[in-house]
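Contents: one structure, followed by commentary.
Chain IDs A, B, C and D follow the sequence of writing; residue 1 opens each chain.
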Amino acid sequence: GKANDTLVYASDSEPENLSPYHNSLREGVILSRNVWDTLLYRDPKTGQQQPMLATAWTWVDPLTLDLTIRDGVTFHNGDPLTPEDVAFTFNYVLTPEAKIVTKSNVDWMKSTEVTGPHSVRIHLKAPFPAALDYLAGPTPILPAAYFKKVGLDGFSKAPVGTGPYRIVSTASGKGVKMARNDAYWPGSPIGKAKIGKLEFRVIPDGDSRMAELMTGGVDWIWRVPTDQADQLKRDPTLTVLSAETMRVGFLQFDVQGRAQENSPLKDVRVRQAIAYAIDRKAMVDNLVRGGSRVMNALCFIEQFGCTDEGVPVYSYDPAKARALLKEAGYANGIDLDLAAYRERDYAEAVIGYLRAVGIRVRLNYLRFAAFRDAVRGGKVSIAYQTWGSYSIDDVSAFTPVFFGGGDDDVTRDPTVIAELKAGDTSIDPALRKAKYAEALKRIAAQAYALPMFSYPSNYAFTADLSFTAQADEIPRFYAASWK
Amino acid sequence: MTVRPASPPLGTPAPAETVLPETVLPPSRSPAAIALRRGLSHGGFLIGAGLVGLIVLVALAAPLVAPHDPYAQDVSRRLIPPIWHAKGTAEHWLGTDKLGRDYLSRLIYGSQISLLIGVSAALISGVIGTTLGVLAGYYGGRVDAVVSYVVTTRLALPVVLVALAMASLVGGSLKVVVLVLGFLLWDRFAVVTRAATRQVRAQDFVAAAKASGFGAGRILGQEILPNILNALIVVATLEMAHAILLEAALSFLGLGVQPPLPSWGLMIAEGKPYMFFQPWVITIPGIALVVLVLGINLLGDGVRDITAPEGRT
Amino acid sequence: MLGFALRRILVAISVALTVSVASFMLLHLSGDLATAIAGPEATSEQIAAIRVQHGLDQPLVVQFGSWAWHALHFDFGRSFYFPEPVTDLLASRMPVTLTLGIIALAVALLVAIPLGVLAAFYRDTWIDRTALAVSVLGQAMPSFWFGLTLIMIFSVNLRWLPVSGNASWKNFVLPAVALGYYAMPAVMRLTRNGMLEVLSSDYVRTARAKGLAPRKVLIRHGLRNAVIPVIALAAVQFGFMLGGSIVIEAVFSLQGLGQLAWESIARNDFPVVQAIVLVLAMIYIALTLAADLLNALLDPRLRA
Amino acid sequence: MSEPIVQIRNLTLALPRGADRPHAVEDLSLDLMPGKILCVVGESGSGKSMSAYALTGLLPRALRVAGGEIRFEGRDLLRLDERTWRDLRGRRIAMIFQEPMTALNPVMRIGDQIAEMFEAHDLLTPKERRARAVALAGEVGLPNPEQIVRSYPHQLSGGQRQRAMIAMALALEPAVLVADEPTTALDVTTQAQILTLIRDLQTRRNMAVLFITHDFGVVADIADHVAVLQRGRLVESGPAEAVLRRPQAAYTKALLAAVPSLTPPERAPITEAPVALTVTGLAKTYATGGGLFGKPRVVAAVKEVGFDLRRGETLGLVGESGSGKSTTARLAIRLIEPDHGTVRLGSLDFTALGPTALRDERRRIQMIFQDPFASLNPRRTVEQIIAGGPIAHGTPARQARARARELLALVGLPQTAAERYPNAFSGGQRQRIGIARALAMEPDVLVADEAVSALDVSVQAQVLALLEDLKARLGIAMLFITHDLRVAAAICDRIAVMHRGTIVETNRTAALFRAPEHPYTRSLLAAVPGASFTESA
């Protein structure tokens, strides 16, 4: 709290490893942004890259990037930052022995070499336009000497970085305590942290988190369900922020009919009937709320290439749904199963709607891993999927994942696959848009999947705290302050 | 043990030839009749039987007594408070849940699930445990040693954890819950029937039956089982209660029965996010659970008391 | 006595062995571990690699052998999720669960035994009936629901005690009460029944015939004998509480073994689940063994 | 004549509602003289124990004093508060009980339990208490006192336990000793020792003793005065000589008449009848406990036992507790399997039968059990119990049931008994049902294991007469097991004496009583209480 200048934030999961390259959780990303710096900094407002640990960078050619490393930066243990640290970090994480869990973040690099007392050179494997974005995000710089000394196990127990906060203590299952890095290098685009101490507490249970916030046990929580967020708003000691995110939920149908014999889902009329049977608007207005919107095309509407123009819209019409079912020869109703892995009440609401038109659905609520396996294995009739596009603002991060012929494509419509492929590989924006639009139209017309709505995110924190949320869902505590 | 004749006849032995003077036999009742008579004056038993009877009745007549379809949702009428609340409505006596389903109707249908789980888990575990216990108690020796060993091993396994792990691997559902609980909760049956069987077997009437040329089947069926039946009923009620509570706990942890089935444990789990602002969503199913389990326990205690052998205490 | 102890220890060891086989089989026979570990993104090559990496391609007996051999040295392998040996993970979580279990047991015994004694002594009075009601209610209350109710009352409304975590002793009060109340009825009933039996026994009559003060009769002749079965029960209950703390830890977000188990189940972190099952079973076996030996110490008749 | 030390006047003890009679004891008046033993006799349930408890202030909660007074040392005991009672108990009035095993705290050392006597009354230092405990142990004849005070009750024999109880009771040199059937649970030889001990200590310390028993033999051996109770009322009291020799009340007379005599009637030897049962070289060793890994405890219960039995003959098997009588009986009917040896029924080798044949042939040898409560299945009606065996052997149910009713009549029970459950019968009646059940099988041999030991003398006499009569009429051979030599004398044609698993002597009953050959037989006979009394009666 403000009184002891300690911001306690709570979240549900505990990163398996505090080393930023060795976990894939949001909680890990948050720690990473507060404890480590990256070579570049991406301004969340403008989207522009700014100098951070690197003061300057030049492309020698599309496969070679030269960077100048800042002088006068020290790690939390007092070691000065040198180009060796940069080279070590990148070269180390590329080795298979490093066993990092987020390979895609670094494996565009081939190697990194020290080219002078203040410079390094990164060699790429292939041209990679997004390289600077990655250097400004998931590629923090580790202290070479310290890391070599203590090894990964030691490092994960007592991590050291250059960031605005340093880690004071960690305890398995409890969380992480951090203190402001008072020696933080001047001139950083993110500036010195304003709050003296930061504490991350793992509280797996959402209601406990809320109770803790209400009783002052923690100062900041997120992922508050909208119902509770509404209630918390009434509490004058709390501030609640709600915002839409890029996550979109959708029903993915077993079009190939693998999950059950003579699957009714092979019939487009049945899939359409399902689409008509669900009152997505009512769900958004009454259940989901918090700025969410109904989606009609299978992507997040703000993404590049995502459009619902010309895409058939299935508005709530249970009579029509029943008529379609009858037409398809299922006047007596059908039995299906639905698998889901989060927001159980949304899935339940869907089941409730389907039940009203005579589609009896059995819910199979699974952990994500099991859910994914079941869907890919063709054991699920209706999968309640959600997708957050890795926060990437381009439809290529969404639709092709589920319709581009990959593991998660259970439809395997060659036409759609071809159209998406064309969109993904083209460099012409207009052509891309056109191809994606065709694919999205076909998906909707065939009702291969039913897009539901975008998901909101709710933050709640003590009213003493001044905190701004970003669209990328990475809370930046170093920028927060007490009112 | 000393014996108290009803009316001590006097000294000189009666000539055996003549039938003894017609001794006035005290009023006789069958053991069942005695238990019933005792039951009717046993407060706990009556309360327990009343509660359980009521819930069984409600469960059987669910389609008749439930005011609404327990699955019918209306997301525009979510979280209506119960009728005693200022904002309650007579349409939904106990209000509605997060999807606008009638809470009373869900509660009523939920009783079916709790009873189903309690009864079937107790049946499965009862069959397993009683078989093991009776065999161990009757044959003793090596059979007994093996059974005791199996029971000890089973007791060493943490039930909740094992049930969770199994449910998670197979995927939770009503069937899985029943099977997992049925196959985990037999230990007390085994322990109790073993002890009871040993006790009965040591009695001379079993020896008499054996000496009369009864086979093992007849002895188990006619001499042993009827005499351990009351112990069995008591354990069955305990295990029913236990299974119902465990189902609730598993469902609460998300690995029990699956929605939209209105299991009471699931209702508590689903109501949990609302507990601070709409506390009734967890208090109502919670109280229902307590009442049912309490009723079953009282019934079990009552059965034990009223079937206890007569004797001075 | 020595022979008795040796015999019990021998039984305990073989039960432990059986339990370890059971806990191993439980997980290995109920699904393809490699797929589960590999996670959603994995290709079939990766799954195959994982199968080899974790030795899952070996025959089950070999797998068990190597697991058991390591387990014997308190090495349960590495967690699939955390970059730590399972042993370290357990060691860091165990204290929370043990603390909770011990406090809960203390709560249960401190309430149950006096209550049981009182109920027996004042048999068929309102004291007896109150004690009975308290215990019947305890048996009927789902512990998670009771825990939630406690949070609602004492944390959120009254704000006396914290909601979650294990920062100080205060954090353990509510969970220990919730867990202890779950264990209390059995202990209370056993104490009451044992006490009733002992109080009506011939040797208590003898003690009274000596002119011994009632308090001494109650404690020296009554409680000492009545408490013998309670010790065994307490050990058993403690084992059950450790196993059952999974629910309470979930309710109170206590980062103990139970919570770890639950999360590991969700994360398919099988070495951890397996180790926890085994460790809990071992604790249970050790406790019952200790209780048996203690009983033998208290009851000379058992030292045969 | 001195003053009575205790005067019980018009004592009435009320039973709780629903009991079989309103008062446990009604209008009872007794005097206890210093230095004298007053024996209270009566059948089970007559209120003997309750009077004793009233005298020690240990009445069960359910009972209430409804009137009268007990004067002791100038006070009315019934009006004392608990604190004063405590002071009195143990110090002035001490008590010993029937079951020495359960009356001692199983988890406390003998010495500590004796020393507790001093502690209860704040006497002596702990060290002195221990020393006194050892001395007392020696005084009551416990062997090796130094060592025995450190043992636990279960490590002592029954007689030793009772001695320890007595040591405890005598510790504070009480004026009054109340003994509730202190020898009932003991063997005759041990009983004789304990009776002598009590007698000795009583005279040495000039104590008044209230001695409760149901055994007139014991009364004859020990009593100075006798009081006879019937259903809570005093029917007769007076000096022992007078009551035993010249009983006034009809009830006393009947009771005395029912006591079997120690002089057996001459019975004609049975030599003609065919042999029904031949037992040769029978042996059984029990191994108990041990579990999965333990070493079992081994007891050689029966070693090399052999005898034969003719139709119409009764062979008595007598001996102390644990001598192997019951084991022999169970071996004979093959409830347990012998280690070796054979049992022949006529010419049939019973021990060699396979399971199926055995089930068929079992009907030829039947058993009557000791405990009339445990030997009848409480969940079945009398008719089902009696007819069950024949039905299992293929007799049509209707016929078996008709036969069951005939048998009821034969053993002297009304027809209405058939529909009832065993809980509706008294001990003696139950024993009759047990006999009917055995007879329903139409056996050649009847084995009665302590069939009358649990019954009061009057009932005992009836059952004995019934058995005798049935045997004669049906020509059954009977193996009659008892530890009571009086009973054996009354019913047996021949007697085999068992000692530590072997038969040490077999002879015609009269001959055996007249001229016992084996020293063990002699010691048994010598220990029978009240020998003088019945011999001259």
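The criterion applied here is as follows: a contact is a pair of C-beta atoms (placed from the backbone, for glycine too) under 8 Å apart; a residue touches a chain by one contact, two chains touch by 3 or more.
Molecules present, by chain and UniProt name: B, C = ABC transporter permease; D = ABC transporter ATP-binding protein.
Fair warning: this is a prediction, and the values are worked out from it, not measured in the lab.
Think of each touching pair as a link: the shortest run of links from chain A to chain C has 1 of them.
For the pair chain A and chain D, the distance between C-alpha centroids works out to 86 Å.
If you average the CA atoms of chain A and of chain B, the two centres end up 48 Å from each other.
Between chain B and chain D, the centres computed from C-alpha atoms are 43 Å apart. In chain B, the residues touching two or more other chains are 149, 168, 272, 275-276.
Across the assembly, chain D contributes residues 291-292 that each touch 2 or more other chains. In chain C, 11, 14, 156, 250, 266 are the positions where the chain touches two or more neighbouring chains simultaneously. Chains that are in contact with each other form these pairs: A-B, A-C, B-C, B-D, C-D. Across the complex, chain D is touched by residues 3, 7, 10-11, 14, 201-203, 205-214, 216, 220-221, 224-225, 228, 298-301, 304 of chain C. On the chain C side of its complex with chain B, the touching residues are 11, 14-16, 18-19, 22-23, 26-27, 30-31, 136-137, 139-145, 148-149, 152, 156, 200, 236, 239-240, 242-244, 246-247, 250, 258, 261-262, 265-266, 273, 276-277, 280-281, 284-285, 288. Looking at the complex, you find that chain B touches chain C at residues 149, 152-153, 155-162, 164-166, 168-170, 241, 245, 248-249, 252-253, 255, 265, 268, 272, 275-276, 279, 282-283, 286, 289-291, 293-294, 297-298, 301, 313.
Every residue of chain D that touches chain B in the complex is listed here, in rising order: 20, 43-45, 230-231, 250-251, 253-258, 291-292, 330, 333, 335, 358-363, 365-367, 369-381, 385, 388-389, 392-393, 409, 412-414, 416-417, 419-421, 423-429, 434, 437-438, 441, 454-456, 458-459, 461-462, 464-466, 468-470. Note for the complex: chain C touches chain A at residues 35-36, 39-40, 43, 79, 81-84, 88-89, 92-93, 96, 151, 155-156, 159, 162-166, 250-253, 255-256, 259-260, 263, 266-268.
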